[in-house]
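The letters A, B and C name the chains in turn, as written, and every chain counts its residues from 1.
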Amino acid sequence: MTEAKTSDGENAADNPILYVARPMATAARQFAKSLRRPSTIVYPYERLEDPRFRDQVAVEPGRPIGVGQVWDNYRGVHALNIATCISCNLCAFSCPDICIEMVTVPGDDPKHPKKCPQIDYGKCSYCGFCSDACPEGCLTMTTRYELSTPHRAEMVYSPQKLNEVFRSKLPMNPIRLELPENEDRILLDPPLCIGCNACARDCPTQCITMLDVPRPDAKPGEKLPKRIWKEPVVNDSDCVRCGTCISVCPKECLFWGSRP
Amino acid sequence: MSSATLYSVSYALAALILNVIGFIIPPIRAPITNVDVVTVLAVLIFGALLLAASMLNTILLIWWERKLLGRFMDRRGAMHVGFAGLLQNFADGFKLFRKNTFQPAEADTLGFYSGPTAYMVTSMILFGILPISSGWNSGSLPLSLLLALAIFSFAPLFIFVSAWSSNNKYSLMGGMRSAAQMIAYEVPILLAVVSVVILSGSFSLTTIVYEQQNYWFWGPLVVALIVFVAAMLAEMERIPFDLPEAEAELVEGWNTEYGGMLFAFFMLADYLRALVGSILVVLLFLGGWTLPTWVPSAATSFPLAGILWFMLKTYLVFGLFVWVRASLPRVRTDQLLRVGWNRMIPLALLSVFLAAALVTVRCVPVFGCVPSAGA
Amino acid sequence: MSEMWINMGPQHPMTHGLWNLRVKIDGEMVLDVDPEMGYLHRGIEKISEDRHYNEVITLMDRCCYVAGFAWEHLYILAAEQALHIRPPERAEYLRVMSDEFQRIGSHLMWYAAFVQDLGLMSPFLYGMRDRDLVLDLFQAYTGARLTYEYMRVGGVRNDVPPGFTDRARKVLDWLDDRYREYDALCMGSTIFRERCDDLGILKANDCVAHGVTGPMLRAAGVRRDLRKDRPYAVYKQIDFDVAQADAADVTARYLVRMEEMRQSNRILRQVLDWLDHHPGPMMADNLPRWLGAPYAPIGNEGYLLKRSYPKGTGFSAVEEPHGEACAYVVNEGALHPYRVKFRSPVFSNISAARQYLVGYHVADIPPIMGSVDVCVGEVDR
């Protein structure tokens, strides 16, 4: 075990000479080093994402340093690819700061408008949970970090604006969170289902299809209802576990669970 | 431009102005182009030029400190306004000038406003006394050194006045510290100066510089130089002796309550005093505007050479102060007093004895035995 | 001057964060002090009760803004114990690496602020400059410089990028040189020694009585370090020493922190070597999806109760850069913790201010408080 060295017996106050040579020599050495180039980056004129800083290793021996670089996985302003967004709402749901709102974007289908995230950067904490949650990888974070604006309203980035960020081809966060395999499935409580089709209609991945299913609880000889009963069947390989179906179900007959 | 030519420029300017006025208004031409009137106006213009030059130098000094300190701290210092940030301090000054002056409730109005003004004015008066080149007659007063030091040491009084009038606890403590530390550095300064006076045999700054034609006084009086520089740091209230405005514990010390132009006064006066301190070091120990005899005469024969070398030395000395600021932490009041009384005064006394001995044997060991012209 | 109270804070250059130190002075002497905390209270403990286990991590980074990783680790350890999860070994090594880099970063920040309190400005910039390298490393693998959100229940978010360990070693080499430079600027300076020797003395008995921990306790001659005494993560497998000094003054605390940075370098070299040779998973494999995802499952919450996830409580104690932090997490089977409680070391450290401030000069308050290394974010939480 090393002992940190403490006051080595002599009381500095009793030192007859005001000994200042060592710190002054150190400062002078630093002065000489930074005469060539100080460690600072002249920000508005030079930028960290500048290629010459990008490829520069932060530490070079014998050179004053402090020059880092913006790595690709920096968590800055989001980029949204509207084309691949499936309106699953997971980004808004995962946001700890509730800064994401799903707003309608003009789409092909006027009946079922597409909803994409709109981010309020006045609230955003750049935790990256939304891009972790995005099942399609269409919401990512870029290296862009300049957001200042004179108006608070301009801090709210609409999906179109986020799409522009996406189109500007900024380096995007390449690291994807590997979520554990989900053993949970969307399950149905059949007696409650009224076959209203809401889940299939709103499913972002359209992995729910309404199929004729024989009623297991129909006793032989019992008179079946006249209308044809359909029940949602979930294609588990396509399901992104967004839970939209659960939240739209009017009879609360869908729930999470492990398939028996 | 040596002072004689500076004065002749002022005189020509005054004559020109008065002649133009006389030309426009013929009846008063004869009385106002009288030589006495022209001389009075010329002196006024001379003073204004001097003032402008000192302020300009002060602002340049702030720039110099910011740039130097920046490099010591591995950064760049001011760099946006003007070339290499030269105009940054003017921009800062204009900003402060435009700001409202705020006076705290229950502050003493007279003291609150007169403190910074007097601090500024006494600092500026010094420039009328210090010679900066060979033709500068104002410095050849027989007791100009004493006068300069006397005016220089006014400052703690005004600091204390403005601190007490601010009606702020931090200001009061800063003012108290300023008054308390004064006794720690004034005595060493005077004792260090005494050794210079002994060696040169004069209280006149101009004479002191001329006595250094053969050798600069820092050689034989290196101990006095160290004491003088250290005490000057305290006199100028710079790190490591900036206790009155120790921002870590006293916010801004005695100028906590000042803003706008009054703060600019303090700031300017601080750097004026730093400039004066550097000039005094150059005058007393570094040969003023003279260069060593081995330097080819071409270096001193061109116009403005004296002022140029003088300012160069001054800025280098100030660079030393900046270097100290960049590498040393602040001391405590009691430690400053202890250093002042226990270290600086004995060292300064030692230097006095040394100077007396040198004068007695008329021998300067550092540069070989050169007959001392003084005494 | 008669006795008077002055407020050092909350808007005062000494109190870098937001707190108030009321000081009763007589001239230059300190007669009494009264630390007031609470200016930065954000109710993190209460907010945590309404958040998914992973979402709490975003709060932990903001607990102490210079030691975010230490607090993430603290919470994660408690949460994992409460949720009966064991992280994979590589994740633990990555956590220790983050912890130790964070210790260096925090101590550099402390060094910068502490020496600036003494009126010396250039080490402030040196310290911040070198801390920036550590932050660059953080950014390289977490994507953020201050609020990392890197550790997750059951592991860490991602692996370090390729080439990271080499770069990290270069930073360590650079820092080794800088430590010598810092010592030259401080311990080599008579003025520094005059200012800091025999200042702010807090003896071991008083430390224990007031719950003072961390470098302050070790500077008083007590060899207590949770990394040795109650090893968590993989500290058991790492060879390092506990920094310790005996003088119990400001200089001793300086020395302890400097030695801790050197020891952190030593730990980091071992951890980086291990990381080079042991690839592995980042997350525990038996992790339920709802814990691995950064959000709670949507829909009927009660399903979890149906599944009856085992309840439990978790306690963790971590040697964070400022001292010993503790966390207690209660898992009642819901999506979010039932109760989260933290113990902040700095709260205890500055609560004892009367013990180590009274009797010194006003000018001594900034260096003494600087040597305590106050981080108000974790004091008030």
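The rule we apply is simple: contacts are C-beta pairs under 8 Å (C-beta built on N, C-alpha and C of every residue); 3 or more make two chains touch, one makes a residue touch a chain.
Since this is a predicted model, take the numbers as computed values, not measurements.
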> Of all chains present, which has the mean Cα position farthest from that of chain B?
Replying inline: A
> What are the two chains with the top count of C-beta contact pairs?
Replying inline: A-C
> Of all the chains, which has the CA centre nearest the overall CA centre?
Replying inline: C
>> Averaging over Cα atoms per chain, report the distance between chain B and chain C in Å.
In response: 48
>> So the centre of each chain is just the mean of its C-alpha atoms; given that, what is the distance between chain A and chain B in Å?
In response: 60
> How big is the gap, in whole Å, between where the Cα atoms of chain A centre and where those of chain C centre?
Replying inline: 26
>> Quick check on chain A: which residues sit in contact with 2+ other chains?
In response: 13, 18, 20, 23, 26-27, 30, 39, 66
> At which residue positions does chain C touch at least two other chains?
Replying inline: 122, 126, 129, 185, 189, 191-192, 194
> Considering chain B alone, which of its residues make contact with at least two other chains?
Replying inline: 72-75, 326-328, 335
>> Considering only the defined contacts, which chain C positions touch chain A in the complex?
In response: 51, 54-55, 58, 122, 126, 129-130, 132-133, 135-136, 139-144, 147, 149, 154, 157-158, 161, 167, 170-171, 173-174, 181, 184-186, 188-194, 197, 223, 241-247, 249, 251-252, 255-256, 258-259, 282-283, 285, 287-295, 297-300, 303, 306-307
> Which of the residues in chain B come into contact with chain A in the complex?
Replying inline: 68, 70-76, 79, 230, 323-324, 326-328, 335, 338-339, 343
>> Under the definition above, what is the set of chain B residues touching chain C in their complex?
In response: 69, 72-75, 169-170, 172-173, 176-177, 239-240, 242-243, 246-251, 325-335
> Where on chain A does chain C make contact in their complex?
Replying inline: 1-7, 11-13, 15, 17-20, 22-23, 25-27, 30, 39, 57-59, 61, 65-66, 68-71, 73-75, 90, 93-94, 96-97, 125-129, 132-133, 141, 173, 175, 177-184, 241-244, 246-247, 252, 254-258
> If you look only at chain C, which of its residues touch chain B in the complex?
Replying inline: 1, 4, 6, 8, 12-14, 27-28, 115-122, 124-126, 129, 185, 189, 191-192, 194-195, 361-366
